[in-house]
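Following this line, the structures themselves.
First subunit A sits with subunit B, and in the next complex the same chain sits with subunit C.
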Partner chain A sequence: MEGFDNFWAVYSNLVLSIGINALLAISIWFTLSCGLLAMANAAFMGIGAYTAALLTMKAGASFTVALLGGIGAPLAVALIIGMPTLRLSGVYLAMATLGFGEVVRILILNAERWTGGALGLNGIPQLTQWWHVLASLVAVLLVLWRLRRSRVGRAFEAIKEDDVAAALMGIGVMSHKLLAFALGAGIAGLAGALNAHLTFFIGPAEYGFERGIDILTMAVLGGTGGLAGPVVGALVITLLPEFLRSFRNYRLMINGVILVLIVLFLPKGIWDPSRVRQWLKRSRRGMPDNTAGVR
Partner chain B sequence: MLEQQLINALSLGSVYALFALGFTLVFGVLGVINLSHGTVFMLGAYAALQAVTRLNLPLSAALLVAFVFSGALGLAIDVLVLRPLRQRQAPHLIPMIATIGIAIFFNSATQGLFGAENLRFPSGLVPDQQLIWGDIQISVLEAGIVIFSFSLMAAMLMVMKKTQLGRALRAIAESPKAAALLGINVEGLFMLTSFIAAALGGIGGVLIALYSNAVFPLMGQPMLHKGIAVIILGGMGDIRGALVGGLFLGFAEVLAVAYIGSTMRDAIAFGLLFVVLLLRPQGLFGKVLERKA
Partner chain C sequence: MLELTQVSKHFGGVEVLQNVSFTVQAGQVFGLIGPNGAGKTTVFNLITGLIAPSSGTISFNGQPLTGVAPHQITRRGIARTFQNIRVFKEMSLLDNVIVGMHAHLDYSAAGLLLSLPGFRQQERQARVRAHELLSMVGLDKNAYDLADAMSYGDQRKLELARALATEPKLLLLDEPVAGMNTGEKSELMRVIVRIAERGYTIFVIEHDMRFVMGLCQRIAVLNFGRIIAEGKPEEIKRNPDVIEAYLGRDDESETVSAA
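Our next item is the complex of A and B:
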């Protein structure tokens, strides 16, 4: 048990940030599963983080209330900006949401009275326990897993494949898109609220463009086929720099190479159920089969 | 002082346009959002800096070094990374993420080799006199950037509109498959586009390093963010759009600093982008991509 205590003392922050990153990756995966490439998740995370931190620090609210606020605020914002922006599609939606994200970051930067400006908020009470993160992750996974198998989940799938055809089948495309966007924002906000009460400090720079790209990378690298993908992606992206620590200054360099290699050689992301199935089949037969193109 | 502000805006806008040109070219022809363009831009500045400080070359030769070096790099990225993805017909997000990996690689390699600190071109490389015209003054460098950007843009437009090469590129932008069926060497033109776009990015890097008097490993990142805003404003893949979007952003920023305050400067680019997209989703120049069921 002592060995575990030592491990936990050193690595608890790392383990918890895997969980939080997994939530973030899931948040963007969810909007992707409805065919929306929305890149405002870093901003929603920031809105959640600041709302929750301000609730506990300035309003003296309990952690539960802070978490609910951290989910509710970005969700509400997403509903408001979703109405006009979700009319856009593809890259244009990505860019509009990215633009929205930058505006949020700069507003946080300039609202010094509330947010501390560039200096950020310091001394946030460390209320996040390991089981908060675990419970949030499990709850989100369960809800989304259930949702995927429901009428709503099938509607998302239909919209992702072809939103014109989905509309013709009588699916309310706009309302489903809005639902996916707002729920994704809520999950990102939850991750932000948990993270703020873990790291003691938050600043506007954490919620900028780079973070948005990071979140997307985790989701796409992990694989967008199923719910396990974003979790695996978060695991790999969070752990990779740690394993490369011995390379010192060149660690990020190797990180970049690995990213490119994964993209080149694992087309559907790291977690790809069809490939795993194929591997199993192949090993059962004991010889490589002839489906080179499928991969 | 409005005239002076307009001159400042013109040079800032030209800088943005210069960056956005290569960026939009790659998007238009290859259909890839190349997030390593900021890195290629930065490496161009470093290549020129090395040429000037180590080899004692004059500025014109250093610009040539930056052109060739960045171009070769862009070509290598295309052949080694983008082409395999193209052949596999990977969805368009995938090449974008690959270019993120490339950017991380080169940014940290540069940081490892040259350090994170600000390097400068030796003073006196560009004549630092001012051209004065009534109340207005403009430095030789700024005038050079404006003229260079505009003439480059004009040359590109001419090539695209009037030559066989331009027709071939426009055909590819429409549909690579149809272009190949018509006997266009699609792969060759992809490589040429990658080379030219990256080489122009490298030149832009040198000019901006001179303009802001700073060379550092992450100098491409803020440019990249602005570049994204510019090509969206102008319409993705549109050369005129890169110029107009760049100038538009330059004017908006300078006027915002002058009349609203400097704190909101960076919010302008993206706030504007947000509004333009809502009112005109295809950008100022973009074509309407409407699909009928």
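Our next item is the complex of A and C:
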């Protein structure tokens, strides 16, 4: 037990970061699983973090209320900005959502009276317990697991593959995209709220472009094929800098390299259940699977 | 059942369809033929709401389809297959078909999240029904394979099963036997006849004359965006305009009488 206490004293922050990062990776999973590259999740995290922190610090709200606010505020914003932006596709959506992120960052910078501007918010009560993070992650994974096995999950997948064919199957494409975007925003906000009450301090720089790339890297690295993907991605990306301490300054560059390598060589991420299944099948048959080549 | 009245469509300056009017009666197998680029697929795109007509109206069971979103049109009972196959390649055949049942799976968010009996029962029924539809087109043995691994012909059959899964009243088939060999063609023809016998109204675009003449009760001929003839197969076969416009002149007209 003493061994664990020592471990926890040193590593509790790291372990909780893994959990929070896993939530963030899951948050972008929703839009990715609809085939949308929306880069607003860092901003949603920021909205959640500031909303929750202001609720506990300035409004004296309970932690539960703060967490609900941290989920609700970005979710509501997502519903509003999703309507016009989700009609865009591909790189245009990525640009629009990055632009939105910049707007949020600048708003936080300028709303000094509330947000402390560039100095950020200091002295946030440290209310996040380890089990808050664990319970959130488990709850979100459960919801995701149920969704994937339902008409909603199948609709996401159909939209990702071919949104015209999906519409002609009776699927409301826009409403499902909006749902994915809003759920992702809520979860990013939850991660932000938990994180804010763990770190004592938040500032606008935490929710910028770099964070967005971080989130994307975790999700792409893990892959969107299975539930464990985002968790594995978060684990790797959170632990990597610890193992490569001397390369810390190259963190962003390493993330970029990982993104490129994954997209080039493992487009479905390192956690890809269907590929594993194929491997198993192939080794059982004992011959190369060449059906894919015959088209 | 389906009525097009004076429908025109132009893309920029190009008149693709001009004053197209015809009616598909309930219970019919209706055929639309015409040379490449005549505008046949455009007719389907208009009916399914993917594009809007420049003028004219399309109505289904007496209700105009103008301004109705594609997924709502599907829910009103029109399903289609695509000339350039659009199956969900990364999904199993079974999932492809179950996606078609989207609008008919009606469970609450709570039922979904907690896996309540209502949810489970509906999902189970959907799977059973999907297997039935796959057997109907002869693909049930491949139910768990990825659509991507299927041959061209099988992907067309899968699209047919998936379209039926939406529980349509009117089924639009865009060149269902394109790229199939003779054996596959006659097999699929039997499947379509069986579907028609079950009371579905079918509207089919096809190049294969033997196929169209054998299957359809009524045929319309589209040439350069205009309907140049409409009638029973025998009338169409004899119509000199059709022979000239669509089937080519003199030498080729023999293929018509042969068909």
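In this section, the second predicted complex is superposed on the first by the 251 of 295 C-alpha atoms of A that agree within 3 Å, B and C clash if a C-alpha of one lies under 4 Å from a C-alpha of the other, contacts with A are read in each partner's own complex, and residues count from 1 in each chain.
Basically, a residue touches a chain if its C-beta (ideal position, glycine included) is under 8 Å from a C-beta of that chain, and two chains touch if they have at least 3 such contacts.
It should be emphasised that the depicted structure is a prediction, and the values quoted were computed from it without experimental measurement.
Residue contacts after overlaying the shared chain place A:169 against subunit C, while subunit B stays out of touching range. When both complexes are overlaid on chain A, the residue A:37 reaches subunit B alone and has no touch with subunit C. Touch criterion met: A:154 reaches subunit C, while subunit B stays clear of it.
Applying the stated contact rule after C-alpha superposition, one finds that A:146 touches subunit C and leaves subunit B untouched. Subunit A has more of its residues touched by B than by the other of subunit B and subunit C. Of the two partner chains placed by superposition, only subunit B is touched by A:253; subunit C is not. Legend: residue contacts after superposition of the two complexes on their common chain; A:106 is shown touching subunit B, with no touch to subunit C. In the superposition on chain A, contact of A:87 is made with subunit B only, not with subunit C.
In the superposition on chain A, A:216 makes contact with subunit B only, while subunit C stays out of contact range. Judged by the document's definition of touching, subunit A residues 164-165, 168 lie at the interface with subunit B and also at the interface with subunit C.
The residues of subunit C lying in touch with subunit A in their complex are 48, 50, 69-71, 74-75, 79-80, 82, 86-91, 95, 98-103, 105, 107, 112-115, 119, 123, 146, 148-149, 162, 165-166. Partner subunit B is touched in their complex by these residues of subunit A: 37, 84-85, 87-88, 91-92, 95-96, 98-103, 106-107, 109-110, 164-165, 168, 209-210, 213, 216-217, 220-221, 249-253, 255-260, 263-264, 267. The part of subunit A that touches subunit C in the complex is made up of residues 142-143, 146-147, 149-152, 154-155, 157-158, 161-162, 164-173, 274, 291-292. Partner subunit A is touched in their complex by these residues of subunit B: 33, 35, 81, 84-85, 88, 90, 92-95, 97-98, 100-109, 111-112, 221, 225, 228-229, 232, 236, 263-264, 266-267, 269-271, 273-274, 277-278, 281-282, 291, 293.
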